[in-house]
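Here come two complexes built around chain A, the first alongside chain B, the second alongside chain C.
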Partner chain A sequence: MGSHKNEYDVQKSKIFTPAFYVFSVIVLISVFIIIYRYVMGIGYVSNLNDGWPWGIWIAYDVAVGTSIACGGYVLAITIYVMNNFKYHPMIRSAVLASMFGYCLAGLSVMVDIGRPWNSYNFFVPSQWQFNSALFEVALCIMAYSLVLIIEFLPAVYERTSTLTKYPRIAAFSKMGYKYIDKLLFLFLSVGVLLPTMHQSSLGTLMVATGFRLDDLWQTNFLPLLFLTNAVLMGFSVIVFETMLTTSLFKRSFEKEIISLSRIIPYVAVAFILIRFVSLTTSGAWGSVFTSGTLSVVFWLEIILLLIPSFIIYATQFGKSQRGLFVSAMTLMLGAGLYRFSVYLIGFEPGPGWGNYFPSINEFMITVGLISIEIVGYMVIVKLLQVLPNVSKSH
Partner chain B sequence: MKTSRRNFLKMSVGAATAIGATASILPEEVFAADKREFSPDAVGMFYDSTKCIGCQACVISCYEINFVNRQSYIDNVIAPEDQNFIEREDLIPKLAPEDQFNPERPWLNVQTNDYRFRNIIQKYVDPEDNVHFIKHQCMHCNHPECVSVCPVTALTKDPVDGVVDYDANRCIGCRYCQIACPFFIPKFEWKRAVPKIVKCDMCKSTLGANNIAGTGCTNACPTGAVIYGKRVDLMKDAKQRISNNPGKYFKDIVYGEYENGGTDVIYLSAVDYKHLGFDERMEHISFAETSENLIHTIYKYGIAPIGVFIALVTVIKGNINKHKNHDDTDSHDNNPNTTIDKNKKNKGGN
Partner chain C sequence: MVEKSLLTPNLSRRDFVKALGTITTALGLPLTVADKAAEAASNVDNRPPVIWLHFQECTGCSEAILKTTHPSPAELILELINLCYQETLMADFGHSAERLLEESIKKYAGKYILIVEGSIPLKDNGVYCKIGGKTAIDILKHTAASAAAVINLGICATSGGIASAGSNPTGAVGAPELLPEGIPYISLPGCPPNPYNLLGVVMFLLNFNKLPEVDSKKRPLFAYGTLIHEYCERRANFDAGRFAKEFGDEGHRNGFCLYQLGCKGPITHANCSSIKFNEGIVWPIGNGNPCIGCTEGDVLFKESLFSHAMVIQPRLNSNVPPATPEDLGKSPTAFQGAVVGTVLGAVVGGGAVLASKLSKEPEDENK
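Take a look at the complex of A and B:
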């Protein structure tokens, strides 16, 4: 059962760091705001209104958040579908981050929707609605969160199976580990299929809005664009995350990440090409310079992807620790901005509604959810064998 | 690495072409006209802007029936003991703080349809200082975006009378209907802990399912600017008015005959509808049709997801087994680097 034991390592450092306390306080504040929202109503904590029914809770937490959580998805494809097992030591940290990302997107939806107690309707077959992209997104995100938790369980079981004080828990953990290991191919297959489905459906979702989404973004290619965007985001996030843990936890540089980052320029260029094809089919080239702020956002999206792609593809700086970190971060900004545009910036609220900017409380809830992710990640990597074992010679 | 990257690229290119091909055959299917037929018994409303005097009797009538006294009206339709406690709670009219009595501004503040007003009258003054009114409420589209996008079927279109109705007992409050409606109609109770979507249901919930007499607004209208009836009859009436008064109405069109795939509520007006709050980019086919075609092309019979799943299971299982075999030959000395090297050698051999 210890077949992967040497691949991962417990991060040996203090759990209760100053950062831990800072983020925990932010989480507490946001919990109070969430309680206030449930007692009073959404309108009391947010700047959402009938013109802007969806704000950052959907645009950031769900649309961008789940794409940031695609690290596990792309790494699973790279390792298990493309047969690159040399990246295998990186999978656990990626799955952990994805698990937090998806579960918190689900939590954010529960804060966002007005009548969450009716959510059981998603499981009532007579109320299923196959015309709705949101129906598919919701079911897939719920299912995928579950799959991610299962995929991460081995790390927990490894720890609990050594609890000699509680032989029952230890025995159960050993059994659980064995079964998950046996059925891993099934969970992995579902875990690759589900994001493919709902990441594209996140794009399909906005097709129904017709002219309410600006021409620069409205296209029947939205599903393909969102899928490509998710893959791009996934690779960028893995690079970003690895660089971050390397510098924060003062670990040695994982050289595998350089070869993994080589794929990014290709995905980015593919995304931009599809984007250009979609502009051609929807005849929107006319508005790429004439839509004011929207045109600026459009070009910003493309520049934020092209420059870091070039750096990674052609320069020596793109192979350095700092170069990779900066490039990955820029790529994430560009890919995230695209999703933000589709969900917020390019959206037409209707006559007389003006602009939307999140309120402080609204913002704090999102920051709180991100903080849960950061605190959870920091604590778990110090308790369980998650991060790649870099002490071995390469 | 090189081999696998090439493989990955090949596969991505393959996938992209496959999806691209699907997308390229889409337009024909997607942009075909909306084939949905209207129910012969569909009811609707017909608003003639040239007859409206802007008295807003319809607004107040609707406000009284569907907001202020909603509870007593609904009690006539559904017995109170048949309503659950959330439904009872939903019926209590609750004003948002900004709409409550304010001694400095004691008048009603109505800008647009909101959680109180399911229909409103708006005014447009043209360059010649002529005043035109327009009544905004749910259009009861024949192929409504809101019904199409609702993930839990809380919004439904009645197959017989065509009314687009809302069931708060199913609604999860996701507000996708608000995002998708091209007429900007569904409204949400933002300042409420138990919020619901508010939109015109042709008084079906309050005046009863088969009201022959008309809706709150049509009953209140003193000039007959808005009338209630079967859509076919209303359409005939509208066409008659156009042929009786050539040149009086904008482009001699009945708004709602084809707009957004056709609507049960139809309009006549003397000015361009873009001045009256209707978007110019409205098409003759519902955006719901476009998105449904896209979804059902991608997921036709579930072929794509099932096929992808089977392929994934095969490939992943094979790769894991390959990897495990190497582990075994390494006699549990699990060094991922040596494993990869062996994989590479194997590939080279093939």
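Take a look at the complex of A and C:
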């Protein structure tokens, strides 16, 4: 990867900005709540119960969060599988965001499980249950988090190998950089395989809930839908992230993003088509106008995907910075809403369990985890060579 | 004690006291009660008179009693109680039997225990169940009016049972709905109820002259105070997530938990899992058949046999999230809504502000 060295650049701006302090305070609050949750028990901070065994932590941090973290996955496919190396400068920032997304999904699962002291069993192969979709998700998320950290290590080593004050660290970093550079193709291929496996398994999980998931979402196509949704989300997130850093860090525009965004309408339409086929096979067309709020959510999901897809596909506005940003954000809302519906909105645990709405503490933990990601991303791109080197590369 | 029945000729006092000691222990009563019981039971004059009425039912509850061995039914009805009227067992029939009933009611007014088996049809003035020309309603009201206590035996007598299932064509109800005010009663639901629970109640009455402690549905706590689920022999499989998925599958053959086949153990209060049936040898769940919830009037004949029961468990401690329906269904407070709304608004607003700063002119990708 040495040849790619000047593809990336350190973002040269202040680390301790007002935004840094605001998000850090939110992180501190949520860390306090997480400690409280471990001392007092999950019942003290959440509105979860036996009927609603998962809530916003799983629906947002795991289901939606890992799909937002699919930027690295789709970019790796585009670059290494489809052989489009012109997008290569974007990979590090995408991998960084993915790394945060997956590690925090893992963390939120540790907050969510009722008996965390049993979680060490996960590392005991004799305790593994290979028929469980949840096991596959857990294994893949953990393995992929590790792979993402390794994929990101070159950026860290580049920095630490220049530490002349600490010659040992520098020497170790140089050696590590050399080995990882040689083995990276292996991790990249595993990194493409793992999300393909577990993103579909996230859908399989909800197939297992049977009739408790509303007709509008329950289908055997859920694994395929979740995979397509992850790809759609991945591309949207790359566009969104790029436009966000362009705007916030006042960087010059990366014009590759326009050609990359061209694929989004096709993925979105493919997703919607599969969705319609699944409605046909499960005979749920009768419910699309008759399920009250659920019908509204169903159509909202589709509209939030169709309109931005049309903007990108057919209009000049879709080629502007503002158009790309707004479209990408709308697409993320639509794709995220779909996952949210499958995990929470369309889920009905049975009579007597009432409704679920996250408690303040629950919600603050989720907001805190997102804040960790934002703060971490903001700081790391200012310390390491992560963002594309726009001035040099073309 | 089974070898030497209480009716064995030349039964020694020792054997008799031994037998009562065993019964007392089986009921979980202090051993001193055995002496009192021996005294009470050996005194023939003290045998409590019992009138046993049958209405709309299958006589399964009586059949279950007839299969007991300690004490055997013969010991029970000849030695321990004075059974005045029981259509299945009595030698008299026709007018003679009905005369016996009237005589007993008069002779033992305010002293006899009334055991009711079967539901009572209310529709069309109760014409669907008549004995000796009188409707079940009249017989029950008349007999219960001068009873010392009433024992409703079986799910039919406690809440209508199978006769009240579905459209309830005869308007069948349980005896508690018709009993006169002020008559103490106890309910022993089940299909059939475990005979030892009836014997336990009778022995309790015999010794303490009062009914045992009951729950809100008038069921004795010693028998109905726990869930089947709590002492189920398959409970470990439930906790470990090992379930039979369909009848005859691998999990079923391996004795896994029957919850997913519709077992109502988690919502059914009874001691079947502790004392079992057929002299403590077998019981439905042990045989691989899911519990049908026969002690719960709103479960058996009211819910599907194969529906999943809602698992209710007492809270272990405050660290465990609420699991009982009373704690549920909280709608979001205004504060919760405000916090969530503020954060979502900030995200959308921030996005809009950022978008407004970005150029809306199309970029040239080939530049």
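Here is the rule we go by: the second predicted complex is superposed on the first by the 390 of 394 C-alpha atoms of A that agree within 3 Å, B and C clash if a C-alpha of one lies under 4 Å from a C-alpha of the other, contacts with A are read in each partner's own complex, and residues count from 1 in each chain.
As a working rule, a contact is a pair of C-beta atoms (placed from the backbone, for glycine too) under 8 Å apart; a residue touches a chain by one contact, two chains touch by 3 or more.
The structure presented is a predicted model; accordingly, all values stated were derived computationally and were not measured.
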Clash or fit, chain B versus chain C on superposed chain A: clash
Which of chain B and chain C A:Gly352 touches, first, second, both or neither: both
Contact breadth on chain A, by residue count: chain C or chain B: B
Which of chain B and chain C A:Ile42 touches, first, second, both or neither: both
Contacts of A:Trp54 with chain B and chain C, given as first, second, both or neither: first
First (chain B), second (chain C), both or neither touched by A:Lys86: first
Contacts of A:Ala138 with chain B and chain C, given as first, second, both or neither: first
Partner chain in contact with A:Phe363 - chain B first, chain C second, else both or neither: second
Which superposed partner A:Phe185 touches (first chain B, second chain C, both, neither): first
Chain B versus chain C as contact partner of A:Gly176, first or second or both or neither: neither
Part of chain C, among the options 279-287, 333-341 or 351-359, whose backbone runs into chain B after overlay: 279-287
Set of chain A residues, in rising order, touched by both chain B and chain C: 40-44, 48-51, 114, 259, 350-352
Partner chain A, residues of chain C touching it in the complex: 308, 310-311, 318-323, 325, 327-332, 335-336, 339-340, 343, 351, 354-365, 367
Touching residues (chain side chain A, partner chain C) in the complex: 40-44, 46-51, 114, 243-244, 246-248, 253, 255-256, 258-259, 316-317, 319-323, 325-326, 329, 350-355, 357-360, 363-364, 367
Residue numbers on chain B that touch chain A, as the complex places them: 1, 4-5, 7-9, 11-12, 16, 19-20, 23, 26-27, 30, 96, 111-112, 114, 145, 148-154, 168-176, 178-180, 182, 184, 187-196, 277, 279, 281-283, 287-288, 290-292, 294-296, 298-299, 305, 308-309, 312-313, 315-317, 319-320, 322-324, 327, 332, 334-337, 339-340, 343
In the complex with chain B, residue positions of chain A that touch it: 2-7, 38-44, 48-51, 53-54, 78, 80-86, 88-89, 109, 112-116, 118-119, 121-122, 124, 126-136, 138, 184-186, 188-190, 192-193, 196-197, 200-201, 204-212, 220-221, 223-224, 227-228, 259, 262-263, 266-267, 270, 274, 277, 281, 347, 350-352, 392, 394
